[in-house]
Amino acid sequence: MVPDTLFMQTEADALCATARWCYARGWVPATSGNFSVRDRAAARMLISPSGLDKGLMATADMLETDLEGRAADPAKKPSAETALHTVIYRHRPDAYAILHVHTIWNTILSGRFTELGYVPLEGYELLKGLAGVNTHTHRERIPILENSQDYDGLAADLSAALRNFADAHGVLLSRHGLYTWGKSVAEARRHLEALEFLFEVEGRRLMGGIG
Amino acid sequence: MVPDTLFMQTEADALCATARWCYARGWVPATSGNFSVRDRAAARMLISPSGLDKGLMATADMLETDLEGRAADPAKKPSAETALHTVIYRHRPDAYAILHVHTIWNTILSGRFTELGYVPLEGYELLKGLAGVNTHTHRERIPILENSQDYDGLAADLSAALRNFADAHGVLLSRHGLYTWGKSVAEARRHLEALEFLFEVEGRRLMGGIG
Amino acid sequence: MVPDTLFMQTEADALCATARWCYARGWVPATSGNFSVRDRAAARMLISPSGLDKGLMATADMLETDLEGRAADPAKKPSAETALHTVIYRHRPDAYAILHVHTIWNTILSGRFTELGYVPLEGYELLKGLAGVNTHTHRERIPILENSQDYDGLAADLSAALRNFADAHGVLLSRHGLYTWGKSVAEARRHLEALEFLFEVEGRRLMGGIG
Amino acid sequence: MVPDTLFMQTEADALCATARWCYARGWVPATSGNFSVRDRAAARMLISPSGLDKGLMATADMLETDLEGRAADPAKKPSAETALHTVIYRHRPDAYAILHVHTIWNTILSGRFTELGYVPLEGYELLKGLAGVNTHTHRERIPILENSQDYDGLAADLSAALRNFADAHGVLLSRHGLYTWGKSVAEARRHLEALEFLFEVEGRRLMGGIG
């Protein structure tokens, strides 16, 4: 679609630039990942289509859906994980952009901590990259959902996780990937950069037996 | 050669772009690797020449051979591993593009699992990047051939592996590299991205003693 | 501001190019890091503003402060760590540029060696990348401060570290990042490249149990 | 200097492109590394100057010396390691280009194997990237010199290593870096790519306890 307001045009362009940047870093390989922005003026969002190579993602590729995930143009097929975006927007009313990526370190850590149920992150200055966090002593817990191909079940689990971890800035699906969000594409990307940095530090530290 | 149909021109250009992208990631160092596309309209393929720096690979560098690997222009020398491409096209009739790369992680894993005879990959969302795979519970086994400089022997081993692992989306040569393929260059590249991602995750996980 | 001398213009441009280069390498994720240049002709510096995405940092974004860190334009907000820059310029009179980055390896090593109080670096040829070092047998000790959100306390600790480690070419904040400096942006960047290389080598060596 | 033959112009340009490419990969940080090409028509070479940022190296920066390392223009200062280049050209009469880089993995491996006296490389297909090697069963041994700031002593040690390891395609200085060479810049770069790939594979394998 062609975004029909300046706000949506600007945010959709920023979202696509972020998607291509993620691809260049190897964070959305093999057409994985999905991305959306929510309108501030109407109950709708723009979301990446199913199966797109994110290295080539452009605004014209994005699909409009309502906040239940129903495509404005029924001939188009939004990402299979659209339902998860709608759940996040419902539980995080300040969120206007969502990024979902598959990275080496979020895949490893989400597997490593599946039983614990969350990845603990504490004591790092870069936690201050997360909105509302003012100190490295902050304790962030990123919940981990069991992965599933049952999107209704996943949506219910995601809903529960967002309630139970009301302060979390992201959610992991086990051996699958990270969802994070923000009040704008820029803030969502800042959260993504901060969380992936911390996952890599923690992953390398754990593997290396470094205290 | 100059590809003489629009299909072959388009696919050869995509193949060369993929080869240069692989080079930039360090996946075909030191003139290693080889790449081909098969015609849909005639019994022939285009394949990279022997010894080419893949960072510079362009469509005009590619050589035409028949499906036995005989060069259309006998003065040209196709890749030494052309015979392996012909075996893959014979056993995988849906394949129209083949990528062969030497990466850090496929080299390490193909050595680590030589005795087992295959690399097991299971439980990862990114398995869905492989054609026909709809769930992370899919169990992919990528067979490993002993490396050899006897290309006739290798071709026979490859033939056996493609029969014995009829669903495999790739084949490894031990401490050598990966072959993968697809119905198009885009699909072959999607398989490459998915498999290399999974090799890196598994390699790091195994090394780090992470469960 | 617009730098008003050729020297400041040139150095500010070089500083911003270095900041963007750091961002591209993942060394200042999530708007982290900060950067400054000091004037040779007047008691003032240019410093990055608070919260800027360093991948986009341009000379026009920089703020002028005096050497106590007071902004020339009180409506602008310099980096929260401006006080640390002023301490470094006071204790290192030859320093005219300061770089502060958050990298995977400086985060890991600064955590690993917090109790020892410094990261020891010895026996590497690349130590010669540090000003005044002529041999790989040089023993560099990079002091580590406990991280804190109390910038007055941090400034005092930094002051003490710069006195106690009078020859050090950088200072680490634990699980936070590295400060390094030089007589020019080029020299500061050379120090940054040398120290981060050595942190990565030492980090990987320690993790791998390689002697 | 301006190279005064087409051969030297072409090779010098290729050498500088290779130097910049090495810089972009992090292989010559902090002005480290040095690079030369030897003339085929006269007893002279072009070599990088001392202290240059290799990310910016251009043909006009290079200095002409004779094969004893004496600068044609005594006002210019060639790399401090020029003597080592002259030793290599003397012992390897087929070599017309030399690359010297400092990488994470050659630094780690050259430290790890100092006592053994060489890095053993065997069983990898990528060994065929080395001139004259036709099989992965080839056993390459890259000798390791103790590092030193006594360049006369280093030159003598290098001379001995090149005699004792007559088939070696490179030489390491312990915790310092790799020298490799070739009959052209392209061949030297192919050797560099092959050796660094193998160092990384071996380094990761050894660290990870993978058989």
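Per-chain numbering from 1; labels A, B, C and D assigned in written order.
We take it that contacts are C-beta pairs under 8 Å (C-beta built on N, C-alpha and C of every residue); 3 or more make two chains touch, one makes a residue touch a chain.
All values reported here derive from a predicted model rather than from experimental measurement.
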Task: Graph separation of chain A and chain D (steps between touching chains) - done: 2
TODO: Please report how far chain B has to rotate so that its Cα atoms sit on those of chain C, a copy of the same sequence, as a value between 0 and 180° in steps of 5.
DONE: 180
Open item on the list: Over half shared numbers or under half: where do the identical copies chain A and chain B land at their interface, same or different?
Closed with: different
Task: Farthest-lying chain, centroid of Cα atoms versus that of chain A - done: D
- [ ] Could you put a whole-Å number on the gap between the CA centroids of chain B and chain C?
- [x] 45
Open item on the list: Using Cα averages as centroids, what's the distance between chain A and chain C in whole Å?
Closed with: 32
Open item on the list: Which positions in chain B are in touch with at least two other chains?
Closed with: 207-208
TODO: Let me know each pair of chains that touch one another.
DONE: A-B, A-C, B-D, C-D
Task: Residues of chain A touching chain C in the complex - done: 123-126, 128-129, 134-136, 186, 190-191, 193-194, 196-197, 200-201, 204-205, 207-211
Task: Contact footprint of chain A on chain C as seen in their complex - done: 26, 29-32, 53, 102, 104, 107-108, 111-112, 147, 149, 173, 175-177, 203, 206-208
